[in-house]
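First, the structure itself, so that you have it in front of you.
Each chain carries a letter (A, B, C and D) given by its place in the written order, and its residues are counted from 1.
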Amino acid sequence: MRILYFAWLRGKVGTGEEEITPPVGIATVGQLIDWLKTRSPGYAEAFAQPGLIRAAVNQEYAKLDQAVAASDEVAFFPPVTGG
Amino acid sequence: MRILYFAWLRGKVGTGEEEITPPVGIATVGQLIDWLKTRSPGYAEAFAQPGLIRAAVNQEYAKLDQAVAASDEVAFFPPVTGG
Amino acid sequence: MSVRVQREDFDPGAEIARMTEGRTDVGAVTSFVGLVRGAAGDGSAMTLEHYPGMTERQLSAIEAEACGRWPLLDSLIIHRFGRLNPGDRIVLVAVASSHRAAAFAACEFLIDWLKTRAPFWKLEEGPGGEHWVEAKDDDDDRADRWNKSS
Amino acid sequence: MSVRVQREDFDPGAEIARMTEGRTDVGAVTSFVGLVRGAAGDGSAMTLEHYPGMTERQLSAIEAEACGRWPLLDSLIIHRFGRLNPGDRIVLVAVASSHRAAAFAACEFLIDWLKTRAPFWKLEEGPGGEHWVEAKDDDDDRADRWNKSS
């Protein structure tokens, strides 16, 4: 599974992009976040405030209960500030 | 008094601009219109439908009860269609 | 804040660029360009008549009203007169502000008010001859919106 | 209907002119240009990060939504990324339609939705160092307006 981090999330987790293999049982965006938080204090801090995190699966906005699979591109980022 | 006519009013009265001296007692835009209507069938036709006439005195929109004087520039025209 | 009434065409891009040139306080520029519609070569040209003097005065008054209602950094109205063909530009309204909400509101206000207050009249050439375009109730309604709340 | 995400500057006038070139069905072109604000030389430059791929996809979806809501003849969104200085253009939204009401509504809708949906993030350089710009509730409110009765 390809995971992307943008803006200040990238700084906190320490990378902009990584390939990971989540443990069996990680089936949704929410479960993925819960597992990522256990990987290091940086990850825990990045995802500490769920209200500040937006997720996308395969470049479409996704909610916490959306399914994720090994072949997906999953991205996490703060609320957007373009324009 | 200088009187200007625009768009189809000009066609009906037969001129775009004229200098006139209204009779004593013509003191408002409304009285001026009533007098102009008596000048010829063309004038009568031009002012036949009051709802289709807009007036300006010295280049500012004016209502029927607005005062007019000999030195004024008075204009009559249909509702505007610019833009 | 400026107003131009002219027979010649104008360049919207050059006018918009001029509004922001050398300044860094403008966050938003909105613009509206109105054009003559009609199938090319179908004879649907038109002639725009206006009231020289009163036109400029009314456009300036409309601009002043917009500046009183919104925090604008600059505004521009250019309106053509004379004979125009389908595809020709008629009018440009452009507004610069720090923020987009004011820029959008003022730009739409200016064209709505211009349509009901600026002394221009369209004489259209059609297959059946010339006719003066009638004012639209819809334009009055759009202009009236600005008299309601806020 | 088109979308461009690029590092280079753009020419609003050329883009607007292109939308009407050779056609006579366009009666109204509205445009919005967003620029970086800040006193020149005060160090208030910024860097716009984006999510390549998703950005284009979201902008296209926003455009498709606008085309479904209003009778548009053409639309264009150009958004820059990379380092930008005060006075630099960030974004252009332009819409062509037969009538002005649709052109204004769609243009404002596009920038409102873009601000809350397109994956861009601003990293501002200030006197105290760099900081990520926080999203504004006001932008959410403006975007939400379009979900109410049209």
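What to note about this one:
Note that a contact is a pair of C-beta atoms (placed from the backbone, for glycine too) under 8 Å apart; a residue touches a chain by one contact, two chains touch by 3 or more.
Protein names from UniProt, one per chain: A, B = Molybdopterin synthase sulfur carrier subunit; C, D = Molybdopterin synthase catalytic subunit.
No experiment lies behind these values; they were computed from the predicted model shown.
Under the touch definition stated at the top, chain B and chain D share these contacting partners: C.
For chain C, the chain with the farthest CA centroid is A. Taking the mean of the C-alpha atoms as each chain's centre, chain C and chain D sit 23 Å apart. Spacing of chain A relative to chain D, judged by their CA centroids, is 26 angstrom.
Chain centres here are Cα averages; for chain A and chain B they lie 73 Å apart. Counting partner chains per residue, chain D shows two or more touched chains at residues 34, 111.
Annotation for chain B: no residues touch 2 or more other chains.
Interfaces, counted as pairs of touching chains, are A-D, B-C, C-D.
Contact residues of chain C toward chain B in the complex are 34, 48-51, 53-54, 57-58, 79, 90-91, 111, 114-123, 132-136, 139. Interface of chain D with chain C (complex): residues 11-14, 16-17, 20, 22-40, 86-87, 98, 100-101, 103-104, 107-108, 111, 142. Against chain C, in their complex, chain B makes its touches with residues 4, 6-8, 56, 59-61, 75, 77-83.
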